[in-house]
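Below you'll find the structure I mean.
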């Protein structure tokens, strides 16, 4: 399985192929027009590719969970995605932090992009992540890798209370028990070592056995 | 101001004076009847007083907060209470963990007792506290003291989404900004060093300046 | 395998069999003499057994680790112990917090008792545990159980820099890699569900895969 | 007082003015020669300035502390620095994470640069920071600001056990009590809001009152 980090929200990479996903004229529409021209945070695909080989790129990631009335995690949401070459892979909510954007805003934006506007995520009051996942182009330096870039990801467990309707057709959310979510079988299907990230997430909430 | 730890929920100390607060026959009614007779976790007031001088007592505490749509803390809930001798003091949600009860259950029980059944607290997925507050009978060993006992408290920040209606007449919830809640003025009114606890709580969510 | 929580330091349970381990006349000598008579925190074996069926008992636990020069965990120390009936079991550093003792002091005392005076543990600056492990007499309520009591344990990862020489003959420290320490094989040998505790410990330091 | 983020280690910004600080030919010598030519992570001053206006830049920061034998924080190390225009300001250990470098390695490198090779810092086993500090060019978005860039900093409390001898002449380490370090007076002298960062650091180790 290819080990590229999926780009669950191409729009925030500024490579201009997501007109279908965000309304024209939105402040996040980086593809065209005055917003792109006037926003120094806008990056062309070429520029981003260039920077990715020279700077660590800051990401946020979220493991969506369902909790019971007492706050205990009972299910974990895993995203199913078709890669451009038609392979199916599994991942979690993940995306870049933009210039000028708070970590909290980035987290909310990617949750909404990947889970839809009716997911009603409960962002934690803490901005401290449960772990910092370091993705390197070369596998083996850490548990995580991404052949495209050096990414450093702040990872959060986020309860969602609504209905998940991924915006992209190819994306689907599957809810698994903590046991299933921490299994070797699932880990083998996860991109870039994110099976480990799910285990760390479950451990942080005491739901790993 | 007296430095006794308030006992916001006398019922869970088993000293039998809260018939007005919990329905007779409830599993938590420790004062009378078969439940008391059959439950080894039931402690008479004399027994509890005795144990308090010989064992550290496990507590949970909660700093109730209001958050904005992005999870950031915007207000802190402080409880106002009249002590038995008629003094007014300020505190937070606090109470003992019972034999056989999980930390999560104890936290929920005390939140409901102190904030009422319509507060709708969002218990965190983590059971890890933001701090462990150690209360000693002798002031000065730590920032916290309680002339009645050695108590060790697991402290949590808990967003509440509903309406707070404290069950006891003497109890009222005041909502303060993080700045007000961390002020020296408020700290001076808080019992047992809990002004420090509120600052640690605000720091844990990045809301302390 | 029996699921009783080991009592790695009988002395702190006040059951009076550790004259060989603590100097006579020390404030911790609970077995005999004026200290015992005058210290309300002293508990006879009968009293402790009684309290254990009526109150949650506060514990501290430590997973000893070796770190490399950059702070990364490279080995985990597991204690080997012979039970009174001659079975061999594995555990970690664990023991009760005494009346009047800080969590930090209790942690240090049990580390010294279980690892010897030359272990040179580096206690963390934080008193916040990586998890709160709840042991119930009835298995299944949580990942942890102890047929003797309801214990609530604050658990820490503690780097040790010296030589471990357990004070008790029956005790030995084995150093394992994070992979070995988180294996199912080891978990099956650990008492009371502590295999899970080791996994949570490794996850908290990013050393679980 | 100017609110620019100090660049305590100019070398890691690749602006080439630190020949005096790192041996020629070191892998970190980005200024000249084959290393610079062959390392895509090398950035000229112009390039870095450009990227700083378009991407959030990942930093690590460390609050150096002295601990007592039990791990409790007793002193906080504050750096004194002369700015290029001759003003004196106070700060903590702080610097950029390079392409291809782990967070842990970056933390160690900046500790050594700012505190000298004999400081013997004890890096924590956890890579999870006590907070994530977000510095924006525009003051007021968070407690932190940096008129040069949008920086996101992973902040750690790091005990140091040796002697601090800052490598740069203009730099000196002052050791303060937790009370002094959290005072308003000190906060007023700290750059970019780092007085708040020190309070959050102290809170995370329970040393804030």
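For clarity, chains are labelled A, B, C and D in written order, and residue numbers in each chain start from 1.
Simple rule for what comes next: a residue touches a chain if its C-beta (ideal position, glycine included) is under 8 Å from a C-beta of that chain, and two chains touch if they have at least 3 such contacts.
All of these numbers come straight from a predicted model, not from anything done at the bench.
Enquirer: Taking all residue numbers at the chain A/chain C interface, are over half used by both copies (same) or under half (different)?
Expert: same
Enquirer: Comparing the two chain pairs, does C-D have more C-beta contacts than A-D, or is it the other way round?
Expert: Comparing A-D with C-D, the pair joined by more C-beta contacts is A-D.
Enquirer: Between chain C and chain D, what distance separates the C-alpha centroids? Give it in angstrom.
Expert: About 37 Å, centre to centre.
Enquirer: Whole-Å distance, chain A centre to chain C centre, using C-alpha means?
Expert: Using C-alpha averages as centres, the distance is 39 Å.
Enquirer: Can you check how far apart chain A and chain D are, centre to centre, with Cα atoms defining each centre and the answer in Å?
Expert: So the centre of chain A lies 28 Å away from the centre of chain D.
Enquirer: Would you mind listing the residues of chain D that make contact with two or more other chains?
Expert: 127-128, 130-132, 204, 206
Enquirer: Would you mind writing out the residues of chain B in touch with chain D in their complex?
Expert: 131-132, 143, 196, 199-200, 203-204, 206, 208-209
Enquirer: Give every residue of chain D touching chain A within the complex, in rising order.
Expert: The touching residues are 40-43, 47, 51, 53-58, 97-103, 127-132, 134, 136, 141-142, 150, 152, 154.
Enquirer: Considering only the defined contacts, which chain B positions touch chain A in the complex?
Expert: 65, 67, 70-73, 104-105, 108, 122-128, 130, 157, 159, 204-207
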